[in-house]
Amino acid sequence: MGRRRYKHSEKKVGTSPGSLIYVGQEIDYKTTIRRILYNEASYTVETVKRLDSCGRPTDGSPFVSWLNVDGIHEPAVVERIGQQYHLHPLLLEDVMNSQQKPKVEEYDGAYVFSTLKMLHFNSVTQELENEHLSFVLGKNYLISFQEERKIDLFQPVLDRIEASAGKTRRNGPDYLLYALMDLVVDHYFVVLDSIGEKLEILENSIIQQVAGQQTLTRLYTLKRELTLMRKVVWPVREMINRLILEDSELIRPATMPFLRDLYDHVIQVLDSIDSYRELATGLLDVYLSTLSNRMNAVMKTLTIFSAIFMPLTFIVGVYGMNFDNMPELRTQNGYFVVMGIMVVLTVLMVIYFRRRRWF
Amino acid sequence: MGRRRYKHSEKKVGTSPGSLIYVGQEIDYKTTIRRILYNEASYTVETVKRLDSCGRPTDGSPFVSWLNVDGIHEPAVVERIGQQYHLHPLLLEDVMNSQQKPKVEEYDGAYVFSTLKMLHFNSVTQELENEHLSFVLGKNYLISFQEERKIDLFQPVLDRIEASAGKTRRNGPDYLLYALMDLVVDHYFVVLDSIGEKLEILENSIIQQVAGQQTLTRLYTLKRELTLMRKVVWPVREMINRLILEDSELIRPATMPFLRDLYDHVIQVLDSIDSYRELATGLLDVYLSTLSNRMNAVMKTLTIFSAIFMPLTFIVGVYGMNFDNMPELRTQNGYFVVMGIMVVLTVLMVIYFRRRRWF
Amino acid sequence: MGRRRYKHSEKKVGTSPGSLIYVGQEIDYKTTIRRILYNEASYTVETVKRLDSCGRPTDGSPFVSWLNVDGIHEPAVVERIGQQYHLHPLLLEDVMNSQQKPKVEEYDGAYVFSTLKMLHFNSVTQELENEHLSFVLGKNYLISFQEERKIDLFQPVLDRIEASAGKTRRNGPDYLLYALMDLVVDHYFVVLDSIGEKLEILENSIIQQVAGQQTLTRLYTLKRELTLMRKVVWPVREMINRLILEDSELIRPATMPFLRDLYDHVIQVLDSIDSYRELATGLLDVYLSTLSNRMNAVMKTLTIFSAIFMPLTFIVGVYGMNFDNMPELRTQNGYFVVMGIMVVLTVLMVIYFRRRRWF
Amino acid sequence: MGRRRYKHSEKKVGTSPGSLIYVGQEIDYKTTIRRILYNEASYTVETVKRLDSCGRPTDGSPFVSWLNVDGIHEPAVVERIGQQYHLHPLLLEDVMNSQQKPKVEEYDGAYVFSTLKMLHFNSVTQELENEHLSFVLGKNYLISFQEERKIDLFQPVLDRIEASAGKTRRNGPDYLLYALMDLVVDHYFVVLDSIGEKLEILENSIIQQVAGQQTLTRLYTLKRELTLMRKVVWPVREMINRLILEDSELIRPATMPFLRDLYDHVIQVLDSIDSYRELATGLLDVYLSTLSNRMNAVMKTLTIFSAIFMPLTFIVGVYGMNFDNMPELRTQNGYFVVMGIMVVLTVLMVIYFRRRRWF
Amino acid sequence: MGRRRYKHSEKKVGTSPGSLIYVGQEIDYKTTIRRILYNEASYTVETVKRLDSCGRPTDGSPFVSWLNVDGIHEPAVVERIGQQYHLHPLLLEDVMNSQQKPKVEEYDGAYVFSTLKMLHFNSVTQELENEHLSFVLGKNYLISFQEERKIDLFQPVLDRIEASAGKTRRNGPDYLLYALMDLVVDHYFVVLDSIGEKLEILENSIIQQVAGQQTLTRLYTLKRELTLMRKVVWPVREMINRLILEDSELIRPATMPFLRDLYDHVIQVLDSIDSYRELATGLLDVYLSTLSNRMNAVMKTLTIFSAIFMPLTFIVGVYGMNFDNMPELRTQNGYFVVMGIMVVLTVLMVIYFRRRRWF
């Protein structure tokens, strides 16, 4: 599990570029493809049974066609879709390569390809996982690819389309693309909140000085999650920015303000990541100095005990010597005088350490 | 309370973009709307009772119309104002989203939307809080939105307008926008001074070596405040810069020098934040080395005690042995000789440690 | 071996610029040159025996000519090839200078020179080694130079060309250049995976607190490898970017998407390097705090022992004194009373340290 | 005194922008204004008695007019000068605001306003202080404003003008502006040298290991001074750069090389500041590791004493026991044998610790 | 000696800009000027006796004229050369100011001035020293200025010119300028190698854990050298870049590839400096953790001794008490039982600490 965290696309070395190889975790269920046709007036959804029947809609089609592909691990399926929509082989490679970083690319004005990552905490391993998503935006269609899961990530958008002839139904596939991306970015905020909560628990335990080695490991894990999150979100910022600047004909002007809004949200995610990283570093400093302070306290305790009892033990040692001629031993009150002296010495020591604020 | 610090707009996931949802702390009082109409000659202020009556002034209106909205948590109110002024839905969403970061956006030359944050210390929790402010600048009107508080933040500007036909009265709504932003930036300086004072107290306590674990927690809190402040002020710089560069028709040339001046002030705030962060980091280093120095002092004390008393205790232990045949014990002056040797030994030890500058 | 790591081209000082001097490790075998002629229809490979026979193909040649030079340490060979292809002296100097950093340079539209580094772990020394590669791309030829090894690095590409009339066979020398560079970048991922694996082992040993000084040395070595890797890969990014932007006539438009894809991969390598560096730094912090925690534990053990036994030893010392008049010594139960007191004292001490959570 | 260090222009909150309020230390003496008229042939200096008589020179005036204002705390004075020279209110505000950061601004080609800071060590408090300077450059006049001090900062330039008909006399007010700025930058070098000297003293005391907590406080102070200095000098770089790039008509081409030279000097100051900061950080590391090393030495001393004397004390303790049946006590040479064993043990210990290089 | 390291041009404060003052170490020998006239066919070198005879060559001169000036401390000499070649006073000031940072400046197309620093280790003080070099490139002449040393830095180039009619002889003064700069950059590599070697020695001593306080001081010195080197080389990069970009007529197109090559070398030097700095920082971390590890080991030794001998000493103390009624003392085998118990206790302790891996 852990090993996967630092794994790259090693098996590709020496193979021809553009070969379709699924690089990701092995999955054992088959690709599910759903086709949604909608416009303001009507709405249909069907599960595609035969790959040949999910072809490109004709230019005059009155519907927006959304092809939602769940599963990117079967080269044959991806290749077949690619053929029907005339997609570039490198694009298909990027769809299947779950290590591909977020980017956007326009192919001759015919379609716009974009890819980014969904982020969520795996509820079992409590590790931050990302899921590879790709979109192909054409004139009147959108193809979305996602790694196959039991739950379809895009269900909320699907529900909204079904529920009412709202904004999504009234707009084209470019708005649909925005809506799906917006969903992804909203999930970044959920992850961010989860990290923020953890950070706060750590902050409390460190400031109230009940933190142990465990806390530090957690702080490190949190930093690792922030590093991963930044790596995933940073190129999304660039990606959306290029989508805005490239001014493709496939994206209507009315959709632009929404993309700019999305861009702002991504920036906000990045700002929060940076703040959290700084705070995590600050917490580490507090923790380390807490350790030093505790050590100081321990050492002071030791030193006070030593400073008080070493002289006393020496004194009683003196009068434990067996010299024949030790006049003090023979006096009537010698014992009591020595005991008195030791009491005085102890009191002086205590005063001395109090003055130096050692306790 | 603390949890809020790391909270984002989680409830929005899956809702349609552009939906008006208030994201912020729950508030229980209602929106107050005041309309101020002024020009050099006259000045009127009225509290708006019915939402329908606060519509957009006609183009030929001889007055500058300032609509001051206290409270951004009621979607119905914000939406109604939006309709009357023909504002974009995303703009209204930004007005209500108190997590929205500072930005400026011009909508087709019809109006300029800008949003930024007020900063102040909550006098109860002693935490740095920010308040979400938005402005819509039209040809002859300005709408200002603020989170509802008992005290209107913009009162000083209102008072100035009321007091005399000064610069604000002689100029258009763009100058009013500047005046309100200037007020916000002035408050940044107040917060900065407060942080500077705290930093100085910490500096004194650390340099005079009376700092404890408490001090470090305070240093961390201060750094967190600076991080938050930087996050809030940084985009304001960008925002004002774009206001200057975009050269909107809604901002008169005469207002430009004032905006540039404002820009300079924001830069100055950012410079000070950076300096403070550096100083805080420097203080941490001083504190940590103070801990090390103290530890050294403690250890030296312990070592000196041990190095003096361990040999002495050993010596008296020797003469506490019960061997039948220990010639020294039988001599007349054995006891005194041993005591003398121990005095000499102690003196030598003291000299040795003095030479190595251990005390 | 180690000394080589920090060695530069010292012997060049004062020699004329453009002189051909091989700067690198001494090698004792001779240059091997192979010429591969191919097009979609046919394919031939021959080992070049006489340098004069490997000249530039005529412009109308129906073949792509690939001259694969294994060995860059013989000035005579490199110079002879340079003469036949009219290459600039500085270019030849860069081919032989294994310290040359990655770059691309076009010479008057006649040919494009590019150079980069192969990275791999030496299986014997377990050190990261780099190999200097150079390419000269002409209209219908490609010359590749590599430091001489027992195994030809480019064998996989050669095999692919031989195996079938695939993409490489159908395209020009620019695609071949891309294919070779792609091979190099694929190897970066292999190295990255190897580093990732090491990082994970270190992470486990540090988090499970079984790390010793050895671990830290390994962490340092890993950081050094990342530093070296970054130094090697960083200019490759710039190099490929310029290859894309310069829009040379020698690179066909159809090859561009592949180069952009390659660029993305290099960016991904750099991102991973940066993440790994951050994680390595985070691990160091965890390790250092582990040390502090352990020290704390050791000191507490010592202090508990001292705090319990010092008072006890003092007490028994008191009753070991030899005063004639010590009433307690004469009582019937004195011994047992003192023993009881000491038991009580010990119990109190244990309770005290438990309360302070010292063990 | 210290509080001032972190103080900003708090009293301005809520006042109208452009209001003239002196923000700085309270001063109790009055503004001194001197007017210097010079050209290559002649030179006159007069102290201005009445504010009305220091008006703008006519365009055809054969003299360069330099108005040197000592004191910026009297709004009436600054406002009066502003009226006579038609200066913008915001400019006057900047003249009086001693917190204003360095900048340059051209007003409609009529005059160029620039402001920067003088730096010097206060000889009493040994703190780095800055003084706010402003310049207004017109076609044939220069106005210089400085905070009032007992000594006029610009005296050296005045002396040079008086002494001979040199470069300053032969050139216009733009060259005079350059000459005054050059003087300011020269003072930066003086401050830099002073900091360099302190750094060197710290370096020596840290490397020769005679540094104490005091040294660290000094290092922190030095870093604070460098932070302040950087904050003051950094915008000066930008300011001079804009002066060069804006290509104002008020600055003659012949003055340009001098400004570029000045720019180089400022860059050099900034480079040195950065180097010093790095060195200071390096010194801190050395110091902290010195502390660790010392601690190690102290602990070793303690451990050696303990390791030698604890076993010995135990042995003599054994033979101090009062068991009736302890055969060794009764032997003739028991005492001497035990003493011998202890000597051997001590020697072995010493050898052991020597081998581990503990002393 | 050390003080010089942080010294700036203090004596210049208040003097007129453009005044010729030599700022550097005092030197006591006189300037040597050599004039080399060469073209492909012939070559002459003469030592200039009278300053008037080293004037600018006529435009039609068939020779390249190289005026090599050793010594920049005599204002009269520099001024005289300046007059004959019509050089700008500020240029002459830069020639004499050994604190001047590297830059290039073209004066009206008449000549190009460039200045940079030579770096070498002083073999006596083992400190990194830099030497100020300046070049004036005219149409058919080059003037080189260097601080006077016993050995002429440019001798290798002179030798090469003398030796054969090679590239330098065949090209103009721009190529000569390149050749001299190349020599300087080659020396950077020598210094870099020397630093690399030191770094490696430090690396070995730290990793093999034989490093002491001395090592840290050396690490600091090395970092200081890297800081200095970076400060010297960084502007050289900018300088050569501008030389390439400004496209002066004085630099022939054929020389451009050589300058680009030089630029690459400078980048490589800077890359190596940055890598070394990173490695040095990494080494510091390793060293500091080594200290912590050692401290842990020392403390464990101490604690083991204490934990074993404190209880034992207590036990023997118990039986050293002089109570009349201590039954154990009177038993036949009490002594041996107690000794046995102590042996068992010691064994248990040793097992306990072994289990916790303390030794």
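By letter and in written order, the chains are A, B, C, D and E; residue numbering begins at 1 in each of them.
Note that in this section a residue touches a chain if its C-beta (ideal position, glycine included) is under 8 Å from a C-beta of that chain, and two chains touch if they have at least 3 such contacts.
Protein names from UniProt, one per chain: A, B, C, D, E = Magnesium transport protein CorA.
Everything quoted here is computed from the prediction, not taken from an experiment.
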{"item": "Intersection of the contact lists for subunit A and subunit C", "value": "none"}
{"item": "Fewest touching-chain hops separating subunit A from subunit E", "value": "2"}
{"item": "Chain centre separation (subunit C, subunit D; CA means) in Å", "value": "42"}
{"item": "For subunit B paired with subunit E, centre-to-centre distance based on mean C-alpha positions, whole Å", "value": "42"}
{"item": "Centroid distance [mean C-alpha coordinates] between subunit E and subunit C, Å", "value": "26"}
{"item": "Residue list for subunit D, restricted to those that touch at least two other chains", "value": "288, 292, 295, 299, 302, 306, 310, 313, 317, 320-322, 326"}
{"item": "Cyclic ordering of chains (reference subunit B, direction subunit D)", "value": "B, D, E, C, A"}
{"item": "Subunit B residues touching subunit D - in the complex, by the definition given at the top", "value": "156-157, 160, 166-168, 178-179, 182-183, 186-187, 189-190, 192-193, 196-197, 199-200, 204, 207, 209, 257-258, 260-261, 264, 267-268, 271-272, 275-276, 278-279, 282-283, 285-286, 288-290, 292-293, 295-296, 299-300, 302-303, 306-307, 310-311, 313-314, 317-318, 320-326, 358"}
{"item": "Subunit B - residues contacting subunit A, complex", "value": "2-3, 5-10, 12-14, 16-18, 88, 90, 93-94, 99-101, 103, 105, 212-213, 216-217, 220, 223-224, 227-228, 231, 284, 287-288, 291-292, 294-295, 298-299, 301-302, 305-306, 309-310, 312-313, 316-317, 319-322, 326, 328-335, 338-339"}
